Structure formats: structure tokens, C-alpha cells
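One chain, chain A, links the two complexes that follow: it is found with chain B in the first and with chain C in the second.
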Partner chain A sequence: MSNLYVARNPRVAARSLDGEMMIMSGSDSTLFTLNKTATIIWQSADGATPLEQIVRQKICTEYQVEASEALRDAESVARNLASHGILQISEQPILHGAAK
Partner chain B sequence: MSDLLFEMTEKALAKNIPLSVQLDLTYRCNERCVHCYLDHEDHGEMTTAEIKQLLDEMAEAGVFILTLSGGEIFVRKDFFEILEYARLERQFCVKLKTNAIMIRELEAARLREIGVESIQISIYSYRPEVHDAITLVPGSLKRSLDAVRFLKSQGLRVILGNVLMVQNMQDYQGVRALAEEIGVECTLDPTITPMMDGDRSVLKLGVNQNALREVFRDKALVGDVEEFCAIAEPADENGLLALPCSAGHTSCYVSPYGDVYPCVQFPLPTGNVRQQRFFDIWRDSERMKEVRSIRLKDLTTCSSCSHSGSCTRCPGLAFMEGNMRGPSSQDCEKSFARTGIPSANMLAKKRAPANLVQIGVAPVSPVTQPSGAIA
Partner chain C sequence: MLELTSEVERLSLIIEVGRMPVRVNTTDRDFLGMLQERYAGYVVASAGDAEIEFDTELAPLGNLPPVEDVQVLQRDGRWSLTRGDFRAEWEPAKRRGWIRLKPAPYSIDAVLRIVHTLVLAKQGGFLLHAASAIRNGKAFLFAGVSEAGKTTISRLAPPDVTLLTDEISYVRPQGEGYVAFGTPFTGELAKLGENVSAPIAGLYLLAKGSENRIDPISAGEAARSLLANVLFFAEDEELVQSIFQTAFEFVSRVPISRLTFFPDARVWELIR
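For the complex of A and B:
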């Protein structure tokens, strides 16, 4: 069972455009767009809710997908976003929380 | 513009979303630039609370890129409170325009901490006697350049914004060299904007046709001169249906008093955020809808002009000349300086061209050119 926690990096700029998040990296102004699943993860990434719970409550209820497979995909997405400085990830709750 | 931003802009256009807004926080300023189009008296600026409310509404409306400008933004005592709210509470991508003379190490570090996309700083010359004579503030060039270095040392993206006019015509290459030496970007804009009250006397500060022709043939600025100065085919059927610019389509401007306009250079009042919600003005204003309805085919003189396929006609400048569907003489003059072919407007008026245009400049290494490159 994954114990990953995710938090939005408050240094990025972000806006939802027609259901998809536009994100601009705070470090190098690179622009990203997130697909609908990644957008759900981003919007739920408060630093306190485990990724597993986000997947179970927000993704599996939205899409016909096996929970374990969805979690694997979500972890991959989260690590990818973290590599660009868009999300913070940790094995522990992220106490400083995410951008509102 | 990156492909992704272009894609997002197209999506915003289709969904009627104001992707980009310039918000002037104040018209007060600590410089008195000879070419400035603003009235610097405070006629009732929005309060901190009003601006935060507006930022809430803009975020809700989908605004992503927020340019904070003025006047001089740092003369507002609540500037950092507003910036922090915009960035950290509402996640705007924030660009700043400033003369930077109030930015020292402390302010630069704070900007780095909060995070801004870029800071454009007005630099009119590399020589104090020229720059300071334009700002009318002794020592202003030194203070602005000190700030450029403080910001650069924080790793922030800095752009020197230069306005070309009679006073500094000989200095733009020196400003570019200075930018290159410091390692920041540089833009050049020969547009002198009429005063917001309609007074056009400042236009006399614009450079003349000969100077403009020289600038347009400066390889360092325009790249391939032959290509830049080539005569393009007039607009075809699709071109005639094209939008004039982003004003009122995916972008707009809000004054320090809450007035909403299609663009900072298009002073057509469409509503006030003290009386209506921002998005209601954006979506429902009849004037905004009128601006939005105009296509090249609707322009009385320009639709049949030989430059219609390549002209950078500014609808706001046309509006300030008296007709938002009419020509913008400054852009006619630009096309003329570039190609040597008079515009339909110039032929109709049968007069010698005046002297104002708008261009961008080629990038200064090692950084890239901001949006708004030579068109």
C-alpha cells in the first residue's frame, strides 16, 4: 500500500481552463497542461490526503478503473509532476500544505 | 509564443475566457517621463480589499497571466500584500512592469521568494544624461540599473523595456549592449501613446521616417532585413476574417479606478468593477462585444490596403484617432517605413507620413525574446 502524500507547489502559477489545469513552473516559466486525471490529483493535492485516498475517492469513482492500477498510474503522474517542481511528494503528510 | 500557450489561447478564445489581464495598480509615479500618457494624480484608486476582490473575480473568470503595472507599482504601500495574494492565494502567473528605482536587495529577494514570471524595467538609454532627462529624475538610471543587477542576482527574469523617441534615438544599440553585458533581455518600442484624455501633443516625441527606416534595417534588431521589409500579399479571404489582436478577445485592461477597457492602449470604457463583477463586464458589455465583432473585412480603409496581409494595425490607436474600424496612422507609417509603399490611408489623406510605429527586437543572448516580437 502506497503512503505517498502530495502537495501543490505554491510557487507555480495555475489555472483551470475548460477542465484542464494550466501550470507554469515557478523556476523556469515552462508551461504545462495537465490532463483530466492529473488535474484531479493536482486539485486534491493538499499535503494531508494520501494519494491512495485521492485515487479511491476522486478517480475510481469517476473512471471505470481497477484501484491498484489507478494508484500505480497516479504515483507515476505525481512523480513526474514532482520532477518538474509542480508537486511536492513525501512519504509523510506535508505539513506546510499546498497552495489554496 | 510557445505552441502550448498558443493552444491555450485558442482554447480561451473559443470559450470566451480572458486569459491575460493588465491591471494598473496606480497612476502615481516617482518619475515624470516626458512621453508618459498618464495623469499621475490619484483620483480614487481601488483599495487593497477592492483589488483582492477583483483578483478573486479574475481568477474565477479564468485569468491566468496577470501583468501588474502603473504608474509605478512600488509606490503603493500594499504592493507586496497584493502581489503575495495574487501569487500565493490565487496562483496567477504574474509579470511586473516598473521603473525599479525602489527595488533594492531586500525587495529583489522578496520578489524571488514570492515568484514572478518576469520584471520589465524601463531603461531609455545607457547614458545617465539621456535617461535621466527623459524620466526627469536625476540619478534614476543608476538606481534602475542597480535594481536590474539585484534582480538578476536573484535569478529573476528581467527585461529592459526601451521606448524609442527623438531624445534617445542614438542610444538603443547601447541599451542592447548593456542588456547583453548584464545578461538580461531587451525590447524596443517606438510607439508613443496619446494621453488618455486624448491629448496627442506627446506624439511629437516620436522618431521620424528616416530614423525608422534605419531601425527597420538594423539586422541586429529585425534579423533578416530583406524578409522583414518584404511586401506581403494582401489578406486573402481567410485573412479578412482574422481577429485584429487579442484586445477584448482573450485579454483586457483594468485601471486603478476599476475601469475595464479592451487594452491599456484602447481607452474604450466597458464597465467598472466597483459596480459590476469583472466577468459580467467581460462577457456582457455591449462595447466589449462590439470590439469582439470586428474583423479585418469590416475595416473601412484597411480591408482594401496593400498592407492588409502584414500590417500590425492597433485597433486601440485607431480608436484614439477617432474610429475603432479606421486606420491607425502609426501603423500605416510603420508599414511605409518597412516597405516604402504608402498605405491606403496615407494615399487617401495624400499627406506625408508622420512618424510613429511599434516593433519588438531580436533576442539578446543568452535569453529568449518575450512575446510580441517583430510582426
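For the complex of A and C:
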């Protein structure tokens, strides 16, 4: 099982409004609205906490879901957000703003 | 001795929209006349300093590069604006720039709109795909994409309503709220808005239906809809972030709801 680290891209704009997290890409102005799971991942993505730990401590405790299944989904979400440049992912801890 | 050069007549006028005066210089009297006619009501006496001054050069049709979409980039403190019918550069620090364009109203209109979006973004304001009008001293905005009903609701406005625009609304922060200004940027109505302003009392997201009614929407939907209708062209992370934060500020200060309307004048009974 992979051990990914995730970090918010400091170059995107993000605001939470009535529980909805909205993020806008600074490069192409695309607007994203995150679902609850993606919001938890986004808010916890400090670059130092492994994704597996985020899933175990913040997603599995919130939803009745198997840890392995939740981690698979979380990795998919993280890679999707990373493909749009709003999240950074790495197999090493990410120094703030350093990872590409 | 033959005189090889001759004095070139320099002509100039100031177009002020949303309290932002822009001076346009030209050497072409016909172009100046077109500007005076196109922006009637927005041309002001040239006594004061302009926020920006543009020298214009008219380019014959077909001589500019065929760029489909507008491109707005900033490099080394200089903005570059390019589209098939114009090319412009502008240095905000010097408040000066130049425009090479076709001598057509839509070309200068596009340049002015873009410049206003860039300046407003820094000042917490924006241009919005929305009709706007003043009633009882309050401004109301009616946002929507093409065919949403901006022109229709403008056309249905009763006589006590002052139309600010049927297409592009001009929004600036003021105090704890926002103010809407009239604009010369027109849609299908092809009628310039009145050059006046008023505090914004509400923004309606337009939807056509079989009855007239106002429905509340969530703050999230309000923010998404607002951002979807803001005019912004620049590929610039700092300004994109400014626009994003401005949209949320606007949503927190201005009531936003959905206005479903049947296209007759009774819809205005809901707007007061």
C-alpha cells in the first residue's frame, strides 16, 4: 500500500461557505467545489501527515467505511485534485510549496 | 528646402466609466468622432488627470494576427492584450499604453472592458454579465448567460426604472456594500446605460419560467453563479485570487436570489 503525502497548493484560492469548500485554480480560473471527503483531505493536507493517517483518523471515524477502501478512494481523489494543480502529492513529506 | 515632415494633429478625449477616466489619443478625426458618438454620456471634459492614457493607432482590416480568443498576460509590470482585431500594451506604473486596433466600436469596447476588469480586480470590484437598473434609489442586478433574459428584463422595465446596462454591470465596493454604475457596454438592446450609480440592493440570477417568483439560493450556489458570470480574461494568479475573494465578499454583503420570470412587465412588481 502506498504512503502518500499531500499538501495544498498555496497558489490556489480557497474558501469554505456554509460547509462547501470552493477552490479556484489561479492558472486557468477553473472553479472546483469539493465534496465532504475531498474537503477533509484538502483541509488536512499539510504535507507532513500521511494520507493513510488522514483517512484513518478523519474519514474512517466520520463514515462507516473500510480503511482500505477509504484509502483507495482518498488516493483517487488526491490524484484527481493534483491533476488540476490544486493539491501536491508525493511519497515523501512535502515542504510547504516545495513539491511540484 | 523641402519640408519632409509635417505636424500631425493630435486629438484626444476622456471616457469615464465607473469613476475611472481613460484618455484615448488619436490622430484620426473620424475615429475620434466615432468614439464621441459611441460613448456619448461617458465622455468627460479633459481637465483632470486620466487614470490611464492610451495612444491609438488604427490598423487596416486583416493586418493583425488572427488570434481567435483574447489573450491577456502580464510580464515585467506590463500588460499585453491581444485579439484578432486589436493589440494593446499598458504599463500600470506609468499609467500609459498603446492600442493598435481596427477602427470599429467593438474593438475599442473590448480593450476598455478588459482594462476595466484589470483595474477593478485590484480594487475589489468587477464587471459582471448582468443587466442592472436603479429603482427607488437602489440598484438591482440581473445576472445570467446569453439568453437568460438580461435584455428581456431590461426591455420590460417601467418608466420609473433607470437602466444602467442590459449586458455588462459595473460593480465597485463602497463602505460596507457595493455600488453599481452605468456602462456604455450594451447587449441586444443597443442602448447605452445611464451614467449614474446607486448602492446595490440585490442580485438576481435570471431564469425564464411560467410565473414570476423569487427563490432563495444557498450561499455556495450564489458564489458559484457569481463567479461564473464575472468577466475576467487575464492569466494572472494574483488577480484570479483577488476576484475569487471579492466574489465571496460580495456574497456576504449583497442578497442574492433566483428570479424566475415570465416575460411581461409584471415581473417588475417584485423588484422594489
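One rule holds in what follows: the second predicted complex is superposed on the first by the 96 of 100 C-alpha atoms of A that agree within 3 Å, B and C clash if a C-alpha of one lies under 4 Å from a C-alpha of the other, contacts with A are read in each partner's own complex, and residues count from 1 in each chain.
As a convention for this text, a contact is a pair of C-beta atoms (placed from the backbone, for glycine too) under 8 Å apart; a residue touches a chain by one contact, two chains touch by 3 or more.
Since the structure is predicted, the reported quantities are computational estimates derived from the model, not experimental observations.
Peer 1: Is this a clash or a fit when chain B and chain C both end up on chain A?
Peer 2: With chain A aligned, chain B runs into chain C, so clash.
Peer 1: So in the superposed three-chain picture, is A:S29 touching just chain B, just chain C, both, or none of them (first/second/both/neither)?
Peer 2: So A:S29 meets both chain B and chain C here.
Peer 1: Kindly classify A:R15 by the partners it touches after superposition: chain B alone (first), chain C alone (second), both, or neither?
Peer 2: In the superposed model, A:R15 contacts both chain B and chain C.
Peer 1: Can you list the residues of chain A that meet both chain B and chain C?
Peer 2: 11, 13, 15, 17-18, 22, 24, 26, 29, 31, 33
Peer 1: Where on chain A is chain B touching in the complex?
Peer 2: Touch residues, chain A against chain B: 10-18, 22, 24, 26, 29, 31-33, 99-100.
Peer 1: Going by the contact rule at the top, pick out the chain B residues touching chain A in the complex.
Peer 2: Those residues of chain B that touch chain A are 2, 4-5, 7-8, 11-12, 15, 17, 19, 59, 62-64, 87-89, 91-94, 115, 117-118, 157.
Peer 1: Which residues of chain C touch chain A in their complex?
Peer 2: Listed in rising order, the residues are 218-220, 223-224, 227-228, 232, 235, 237-238, 240-241, 243-245, 248, 251.
Peer 1: Could you pull out which chain A residues touch chain C in their complex?
Peer 2: Its residues touching chain C are 11, 13, 15, 17-18, 20, 22, 24-29, 31, 33.
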